[in-house]
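Next up: some structures, all given as structure tokens.
In what follows, chain A forms one complex with chain B and a second complex with chain C.
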Partner chain A sequence: MERLTFDLAGALAVLFAFVMVAQKHPVKSVLSLVVSFFGLAVCYVMLSAPFIAVIQVIVYAGAILVLFLFVLMLLNVPQETREKDPRPIQRWLGSTAIIVFAVVFVGVLARSGADIPPHAPFDRTAAADIPALARRFFSDYLFAFEAVSVLLLAAVVGAFLLAQKEKKP
Partner chain B sequence: MTFTDWAILALRVLVPVLAVLSFVPLITWVERRGAGFIQDRPGPNRVGPFGLIQPVADGLKLFFKEDVIVHDADRFLYILAPGIALFTAMVTFAVIPYGPELTVAGRSIRLVGADVSIGVLYVFAITSLSVYGIVLAGWASNNKFSLMGGIRSSAQIISYELAMTTAAAGVLLATGSFQLTDVVAMQHGTWLGFLPKWNAISQFLGFVIFFTATFAETNRTPFDLAEAEAELVAGYHTEYSSMKFAMFYMAEYANIIVSSALTTTLYLGGWSLPGFTPRGLVGVLFSIAVFLAKTMALVWVFVWVRWTVPRFRFDQLLRLGWKIALPAALVNLLWAALLARWKVV
Partner chain C sequence: MIGGVPLFDVLMVSAALFLAGLSGALLRRTAIAIFLAVEVMMNAANLALIGYGAALGTYEGQVLVFFVIAIAAAEAAVGLAVFVSLFRHTETIDVNKINLLKW
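Showing the complex of A and B:
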């Protein structure tokens, strides 16, 4: 039952990720991504990480994608139309790249198949323990955590600078 | 699992949803009578005693109205939007504890839909999704006023979500857990023998910010910029009629109930009352009554504020959210951290 839910959620996530790319209308692309993130969140719950699942929904589905929608609606981005020039060379290059990537990917998977343990030792209670997660964040991974926060701050300041109206000299 | 187990499970799932749905008509009645009271007029008083049957009449009227789907609307999203709005409003109550443990037929049942370890975060996740109902309604209607309402609502809800979660973080810091039953348990007892150990008293600033932010999250006056009938006709639900409109309407009142219940749980001690330990069935029923009384008091504040305070302008609304509520919530978080450090709470 758990396995089935996990597989279904994963399939949903992949399917809607594909719809997101194939969809011509930008607003519907964003909505497909929301569904895809939902599938991912269910996968996290099934992996006994409800905290990650909820953060995924709050931050990505609930905030970042709403901002995407906000911008798309504000600018009123129309539906994409088919290009008049089909650009044959790019299409050929793209298709070749996809095939090469697929072959390499499957090849690597097939060769390392024996190295991936089929049932990795996995502590379910430890994964669901939020205080333990927090403790690791603020001890083992403190440097990375603080570095990311500084990076985000720099991004905020940069965005603010770019958005500012130019002052006349 | 035996039949009794299944029955208990079904009840635990059904009670929170049905409770919210069955209180919605009552709250609409309270709102209209309250508006009448504040504006010195009777309000609806013809259908049934004190006009209590009026919500049923309104519901029937909406049910029999013509269901219009705008020609240029995006059909799928247009129909989906009210569903999202009502769904998110109904499922939030699932993690809010509405009473102590009840012992029936040798089984002890916690009176809460699902006592999950991430309780508060679940509520925030669902409320952050509720914005999709409004935004999609605004966009799919293909109407400039609806679109404006949807855009406003997305900016507003994201802004106030920050202040709201930061304020609630103070409570979580004091509790040391995300679980809402723990939050209620932590607020049992008194200080100095008479002051209830409620978070509303130890973190008064956080309480004010949180409750203010819930007004913005539920799109209620003074923060109902998403519908603002003076400028946007009816905002995001301009193009909706019949039951689809009714679903938005029900979602609004369900959101009020859920927000009040959540504020009660986080800041007013939930179902607990100082100096009272629930014993037996009567004690449990009394605890549920205490929870209902606190929630209804907050619902009345929603009604009271709507008919008293004029609507904000949009820039004033965002300024309040980012420049006042968010820094104040951070101050509250610092205060909560100090309290936890000194072991006062």
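Showing the complex of A and C:
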């Protein structure tokens, strides 16, 4: 049952990720990615990571993709046109790189994880324990946690400065 | 097995997502679409981290994914500000038309 749910949600996420790639209209790209991220959130729940599932929905689908939508609205980006591609070799090289990478990557991943014992001690309820996760953040990873807050502040200031209209001297 | 889900399934979903992101980054020509594709690749890595973390029965995978998401938020804010600034200068965000380092 868990496996079926995971596979269905994963297939949904992958399908809409490919819809994002195939879609020429940027707004539709962003919206299909929202669906994809919701599917991923279901996958995280099935892997007993409910906290990550929630921040996936709130931060990724809620904040980051809405930011993308706002920028698309500001820039009024047109649909991509395919009529006269100035550099067709890019598409050929790109497709070749993707196929080569796909073969190597799936080959490596299919073999990976074999050295993890098949019945590794994993307590489903323990890993879903959000207070225990919070304790990690505020003890072992406290420095990184605080550093991230400074990083986010720097990103906000940087984004503001970059997007500001240049003052005429 | 992670509560009924084999690690193999997790890794295959992650690989497929990564390939979707990679093909988007290599084949799309709008800067924002390329940026979205990079986000998909980051999510594929997140899924693999959660899968391995759960298979090993540790919290470290979730901790790492939390920091990845925080950094992705910062990256998205700065990257989109760069595109807004670029659009002001060149009136386009088609990466084929952005071919000057200085103007």
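Heads up, the rule we're going with is that the second predicted complex is superposed on the first by the 147 of 169 C-alpha atoms of A that agree within 3 Å, B and C clash if a C-alpha of one lies under 4 Å from a C-alpha of the other, contacts with A are read in each partner's own complex, and residues count from 1 in each chain.
Throughout what follows, a contact is a pair of C-beta atoms (placed from the backbone, for glycine too) under 8 Å apart; a residue touches a chain by one contact, two chains touch by 3 or more.
Keep in mind the model is a prediction, meaning the values are calculated, not measured.
Trainee: Fit or clash for chain B plus chain C once both are placed on chain A?
Mentor: fit
Trainee: Applying the touch criterion given at the start, work out whether A:36 contacts chain B, chain C, both or neither, answering first, second, both or neither.
Mentor: second
Trainee: Should A:55 be classified as contacting the first partner (chain B), the second (chain C), both, or neither?
Mentor: A:55 contacts both chain B and chain C.
Trainee: Under the stated touch criterion, name the partner, chain B or chain C, that contacts more residues in chain A.
Mentor: Partner touching more chain A residues in the overlay: C.
Trainee: Examine A:73 and indicate which partner it touches, taking first as chain B and second as chain C; both and neither are also allowed.
Mentor: First partner only, chain B.
Trainee: Looking at A:156 after the superposition, I want to know if it touches chain B, chain C, both of them or none. Which is it: first, second, both, neither?
Mentor: second
Trainee: For A:63 in the superposed arrangement: first (chain B), second (chain C), both or neither?
Mentor: Both partners, chain B and chain C.
Trainee: Once both complexes sit on top of each other, what is the least C-alpha distance from chain B to chain C, rounded to whole angstrom?
Mentor: Chain B and chain C, overlaid via chain A, are at closest 14 Å apart by C-alpha.
Trainee: By the touch definition above, which chain A residues appear in both interfaces, chain B in one complex and chain C in the other?
Mentor: Residues 51, 55, 63, 67, 74, which sit in both footprints.
Trainee: Help me check something: in the complex, which residues belonging to chain B touch chain A?
Mentor: 77, 116-118, 121-122, 124-125, 128-129, 131-132, 135-136, 138-139, 147, 150-151, 154-155, 157-158, 161, 176, 178
Trainee: How about chain A: which of its residues touch chain B in the complex?
Mentor: For chain A paired with chain B, touching residues are 27, 31, 34, 50-51, 54-55, 57-58, 61-63, 66-67, 69-70, 73-74, 128, 130-131.
Trainee: Which positions of chain A touch chain C when the two form their complex?
Mentor: Chain A reaches chain C through residues 1-3, 6-7, 10-11, 13-14, 17-18, 20-21, 26, 29-30, 33, 36-37, 40, 43-44, 46-49, 51-52, 55-56, 59-60, 63-64, 67-68, 71-72, 74-75, 77, 80, 85-87, 91, 94-95, 97-98, 101-102, 105-106, 109-110, 112-113, 116, 118-124, 126-127, 132-133, 136-137, 141, 144, 148, 151-152, 154-156, 158-163, 165-166.
Trainee: Chain A touches which residues of chain C in the complex?
Mentor: Listed in rising order, the residues are 1-24, 26-30, 32-33, 35-37, 39-40, 43, 46-47, 50-57, 59, 61-63, 65-67, 69-78, 80-85, 87-88, 93-94, 96.
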